[in-house]
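A single structure is presented below for examination.
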Amino acid sequence: MLGQEIKKLVIYTIFLAIIILPMLGFTGGAEFQAERAFLVFGIGVALLVLNLIVKVIRSHRPPPDHDKPSLPERIGDRLHRIPKIFTLGPLLLAAGTFPLVANNYMIDVGITCLIYVCLGLGLNIVVGLCGLLDLGYIAFYAVGAYSYSLLNLTYGFSFWAALPIGVVLGMICGCIIGYPTLKMRGDYLAIVTLGFGEIIRLVLNNWDDLTAGPNGLFGMKRPPLYYPTIEDGGLDMVTYYLTSLPGLFYFILVIAILIIIGVNRLDKSRIGRAWIAIREDEVAAELSGVPTTWLKLLAYAMGAGFASVAGAFFAAKLSYVNPNFFLFMESCIVLSIVVLGGIGSIPGIIIAGFILIAVPEVFRELEAFRMLAFGAIMTTMMIIRPEGLIPASRKKREFHRQRDEAERGPQ
Amino acid sequence: MNQDYGDNILTLEDVHTYYENIHALKGITCTVPKGSIVCLIGANGAGKTTTLLTISGVERARRGRILFEGQNIETLPPEKIAALGIAQSPEGRQIFSRMSVMENLEMGAYLRKDKEGIQQDMEWVFSLFPVLKDRYRQKGGTLSGGEQQMLAIGRALMQQPKLLLLDEPSLGLAPKIIERIFETIQEINKNGMTIFLVEQNAHMALTTSDIGYVMETGRIVLEDDASALLENKEVQKAYLGE
Amino acid sequence: MDFSAFILQQMVNALFLGSIYALIALGYTMVYGIIELINFAHGELFTAGAFIGVIVLSGLQQIGWVETHFVLTLFIVFGLAMAYVAVLGVALEHVAYRPLRNASRLSALLSALGMSIFLSNGMMLSQGVSDRAYPQVFGLESIDFFGAMISHSQVFIILLAFVLMVGLQFFVHRTRLGKAMRATAQNRTIARMLGINIDQTIRITFMIGPALGAAAGVMVGLYYGAVRFDMGFIFMIKAFAAAILGGIGSIPGAVLGGLIIGGIEVAWAAFLPSAWKDVTTFTVLILVLYLKPSGLLGESEADLRV
Amino acid sequence: MTEMVLKNVSKRFGGLKAVSDLDMTVPEGRILSLIGPNGAGKTTVFNMVTGVYPPTRGEIHYNGTRLNRLKSSTIVSHGIARTFQNIRLFGSMTVLENVQVGMHCRTKSGPVRALLKTPFERKEEEAITEKTMELLDFFGLADKYNEYASNLPYGDQRLLEIARANASSPKLLLLDEPAAGMNPIETEALMDLILKLRDTGLTIFLVEHDMKLVMGISEQIVVLDHGQKIAEGAPKDIQRNEKVIEAYLGSGAKAEKKAG
Amino acid sequence: MKKLALLTLSLVLALGIGTAAGKELKIGTLSPLTGPYAQDGTDIKQGVITAVDAFSPVKGFDNVEVLPGDSACDGGKATMAANKLINSGVDVVVGAYCSSATEPAQIPLMDAGVVQITPGSTAERLTHKGYDHFFRMPPRDDVQAWSTVEFLTKKQGVKTIALIDDKQTYTAGLTENIRKFAEDNGNLEIVAHEHITPGDSDFTAVLTKLKRISPDVIYMAVYQPEGSKMIQQARKLDVDATFMTEDAVFHPKFLEVAGSAAEGVYLTFAKAPETPERKAFEEMYKKKWNVDSIGSYAYYAYDAAMVALKAAEKCGCTDAETLSKTIRGTTWEGVSGEIKFDEKGDRELAHIIWVVKDNQFVPYWDPITGKDL
């Protein structure tokens, strides 16, 4: 056992040396920059040794009990058992009071987190519930952002008037993307959705007359609220534009909560069940009477609709949009949120959105190291927990048991 | 049990196999004497294929021991087990559909280095299944079901195994060809190869074999000489369609 | 420049670009074929190859070998770059992909994405944020071929790419190891039953695929004159598209796909508004896949059995 | 008369002729079995009838509707439901939900109703649950409604598949080897269940290898071999049919019969 | 849930750190430190740090702190970074680099009363919004376009020009302005306008297309990485035209990568004064950052920080109102030339034409005086 591990260690060390030393040593001229290269190499070797020690210690412990559920499973199980009021209440309270105690930067990060949570929830319908890979999801976000911007700038539509139009446009785009992919398998879907995402971005960038191309659009109004006042003896509606960050935070918080409720309702509905059936076994679903074509298109459309809402808010908040905000990398981040959170799991997505957007912010000073760690952690997370942080579990329905008991009662 | 055979080439002792949570094999114990033909019959889903896959190391036994020529193999990976001399012709014509017939047979001889021996065995397989010779350039996927079945058996024979595991060799074949296949099986056996056979066609299997095992939902419920099983009323009722 | 020379020149341009895409796409297709994983980090492996190429080439230039032993220099540069990336590929497989071999596709995809981000930022931190210049060992001279200008480096690179592609096709179809790779790709379980060590086979695939990518990286460096930490991304997308267009898993498909993508790009930029070049590439890709969902040379799963 | 008629139906896969020129009728309210050796094309017939793929040639009619080019889900809504040879449940869904999915084509609430949780949607959901529990009671799975389908024992999974198929309120139920993997006792229970289902007015179309089951409950049997119908008739006639014995029941059965 | 609460708390605390008191001057930088423009972004950060090192201590202040922010050239990230700087109490922000980041970052910065000096964004509209505390170091797009057209028509006397841009805010703005000035001028005909994709390496198709049209001048409105590759390919294709490009290519890397292919390429860039200050800066910068060459945006960033520091010292203040007035009311000496801001916050700085000769950038012609240099 130990001998084998040490042999492995030697091999890994050689690999590490081959990989690290040239890449870090020869950074400019022909001179070998030994100091840095060996420092990183040393860290790498230290990690390997540490890994070896952990392994050896572990091998002396009794093997894990297979029948016992793993820790995250137990946590998940317990989470489901806690009455909702005890988990949601404090969470809502925390979210509600957050802008009162936080500074603008934190609120801004909070807003960004919530935007990504909305996006994650939308993509969750496509990837999580329906099981379709989508690498171009950010395009719908762009559609939402640009529809509001254009409608507001060109025709003076208010946020509320533009929002439904944007959502419908987003849903139409969703169907356009969805249609040719209906027959495709996972990996072909990947490139086609990626391609569509790029196409939409490039169209936004190249259609100068409409979108102002790479200059972007600016000067959109913030989302307005209307409230009645009594002026000159008559009832009047006053328009109040949400310009402050706390105001915007509450606004997106409400949107996020609505989307959470919406996705949750869909998830539990007849439609949601059909989606999950498609994810589990498309052929069996079709043969159980689920019209898979229509439902897959619907999944794309609904996902796109939610992204459009987030996009419209984003444009209104920033007052500026540019095609470069909607790069492929953004799609990847949203997808990461969904997968990392646990495919199909709503609380998982909320937590993952938080982790992937807010936590890297804390380490922003580290610049490239931050992204280095981001990549490494992403891979590590997937290896340790391929099912995501909080794997989705179909909720057990306690209410039926009560019903059954009631029925059995008189017997 | 019949004592005419040599030592047991394969012994399974209380083997348990799981598919995730499903307890597929619930303690299989059986032996395969050297030089014999042993068959395992039972309904669809009884665990026959799982037994073969567990022997080949594709499925892991969670409990129990598997001895091949006295050596424990239950922890070995499939490729090591293959190298020890166990070949399997899997269920459902699992040939390499994008490789030619020739290449499929060559893959069977993957572990062998003796070029001449390979050539000879290939001729032998072609003589057993002449139709394969006519189609040796064709891609495996373009063969008909029966031809694919022959190719799968031929590929396993190319491994020159000591123990040949056959999973439903009669699957989807016309009666004439089935008879031909079972004749071939006996012929191979006469050359000294031990054969462990899984079949739904219980009659055919029992008439060919020396020893028979009957499986039901993950357990072996009956074992006897094949001829005795043929006479067994319960077997007749359940598996021979009366 | 008359029209025929113009067309000829554009054809050369397309052939060159297409060959590069094809070479990268081969790496994708091989890895995909064997473990059905889109190796997102392939672009970074390609870039790493280009970096090692420039490191070795600069070193050899310093000791004057470029002038004295030109051919040997190229051999060493390509050899070391490919060897390095092969090691990197194996390490990548071991660390990031092997543990996820039986997990869901999405998890593996995300793991690959994580590695892509990791490697790209790792190279940025080690090799800097700006271009690293490749020594121009081929110079700027071109051959006048019926009015089309073909540079020395282009001739060399197209030839080398061709040799590598043919070599790969030979390896995969004629050698024992190559056949084992194909067998593993088609049915891992059966391959193991026949005694094929699939871990080893997959490892070898992860050496060859990335090594081809590395060769493409050095070629890109030699011809375009520079390498940068993030240059893998665009090539990755195009090569990915090429691999899928040709039918992922198929070696001739990847070559065909690469040449087609290169051809479309050049043809569109040559005759039509160049800003829409990439839109066209993706549109064609989507149309082809819509009409032929398994790609041009991909095996279709016509026999759908329930 | 709601019967299913197959006229001259053929199916080719590349060079392989899976089914050729099959003519048959599935009469209403009866139990009809399709038997034959593995690979004879039985499942292919099921797949064509349920729209997994269209026949290469020929016509399939049900209740006056031509099914040839219809989508599977549409065929289900016409009242034809099926189970699968290799169980295909939605593993990560509960027993309850599996059956609820089967009810999809008999319910209406769309996404908007679900989002707004309209009274209609609520009522429909209640009705779905109600009906599902009734079905589960019928199949004896009611106390397992909350289990994940993948955690059920094999026999229960088979039952659940039938329950799911039944949830779409079919008139014709196609069962693809329902007894596969069941022990004799379970098979016995299954036979009772099938008869019970038939008594509710369902037509049963069955593919099965278990001769005890086939001979025990079928009112009519069609035998396929190499994609061709070689015999048709009542169980008694089939058992005596030389061609059938040759192709399927095996020469052993023949020998036995002679001996007997 | 407990874990979640803990995580929230720790995050909130972590985000909150960075607010300290004391009489100090805080300068934030906002530039892309990650992503494809990380090079220019790093140059900007380093330029500012060099300035602070060179000028400290500032009279009247206990301490000067530099807070680098990463805009990543992305609107959302830029506002987040800007808000973070605001919360850290910055008085001056040097940045951002991409117009697509400067524009959204302007809003919170101006609202919060922070002086912003951009070392890189040249889109005209940034200074046309009526912000009092916004300044710009480099010349605007239209100034550069004007210089280019002046040079081509007056000095070179060319008739036809082909434009290539990579469809980004900066490059597209530039070609748009060249089009405008060429049309006004009337003597310069635009015979083609091509676009490439940022990050691409192969431009042979477009260059071959232009070779066939054979314009007198090919104008490359691209960034340095694409510029270096494009000129090499043009030489290999034997394209017979004068090549001209702009300040984003004016970077030592261009010479290093393009090598001999760069010979004879004309560029627009601000005139470099031959002052001892500039020499001193260059020496200091090279030593401090261990580099052989200096990216062009480092000069502007250095000047921006210098102006801020000197103004703060002069007025002894940090409030945006007074600080802006001081900056605007004074003429400063900078390493990029004399710095004097107009009402809008733009500098009265013109470009001169440079040419690559013997792998060096050499001043060539001054469009304002119309004389050779």
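As written, the chain order gives the labels A, B, C, D and E, with residue 1 at the start of each chain.
Assume a residue touches a chain if its C-beta (ideal position, glycine included) is under 8 Å from a C-beta of that chain, and two chains touch if they have at least 3 such contacts.
For clarity, every value in this text was computed on a predicted model and none was experimentally measured.
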{"item": "Between subunit A and subunit D, the fewest steps along chains that touch one another", "value": "1"}
{"item": "Shortest chain-hopping distance from subunit A out to subunit B", "value": "2"}
{"item": "Chain located farthest away, centre of subunit C as origin (C-alpha)", "value": "D"}
{"item": "Core chain by centroid distance, with centroids computed from Cα atoms only", "value": "A"}
{"item": "Chain pair, most C-beta pairs within the contact cut-off", "value": "A-C"}
{"item": "Subunit B and subunit C, separation of their C-alpha mean positions in angstrom", "value": "43"}
{"item": "Whole-Å gap between the CA centroids of subunit B and subunit D", "value": "31"}
{"item": "Distance from subunit E to subunit B - Cα centre to Cα centre, in angstrom", "value": "74"}
{"item": "Multi-partner residues of subunit C (each touching 2 or more other chains)", "value": "121, 124, 128, 275, 278, 306"}
{"item": "Subunit E, residues touching no fewer than two other chains", "value": "34, 38, 167, 195"}
{"item": "Sequence positions of subunit B contacting 2 or more other chains", "value": "none"}
{"item": "Interface residues, subunit C side, partner subunit B - complex", "value": "176, 179-180, 182-183, 186-187, 189-198, 299"}
{"item": "Partner subunit D, residues of subunit A touching it in the complex", "value": "262, 265-266, 269-274, 276-277, 280-281, 283-293, 298, 302, 393-394, 396-397, 400-401, 403-404"}
{"item": "Residues of subunit E defined as touching subunit C within the complex", "value": "34-36, 38-39, 42, 167, 194-197, 199-202, 204-206, 208-209, 211-212, 214, 224-225, 228-229, 232-233, 235-238, 253, 256-261"}
{"item": "Touch list for subunit D against partner subunit B, complex", "value": "14-16, 37-40, 150-151, 153-154, 177, 179-184, 209-212, 215, 225-226, 246-247, 249-253, 256"}
{"item": "Sites on subunit A touched by subunit E in the complex", "value": "79, 82, 86-87, 90-91, 94, 98, 101-109, 112, 115, 205-206, 208, 213-216, 218, 245, 314, 318-322, 324-325, 351, 354-355, 358-359, 361-362, 364-365, 367-368, 370-371"}
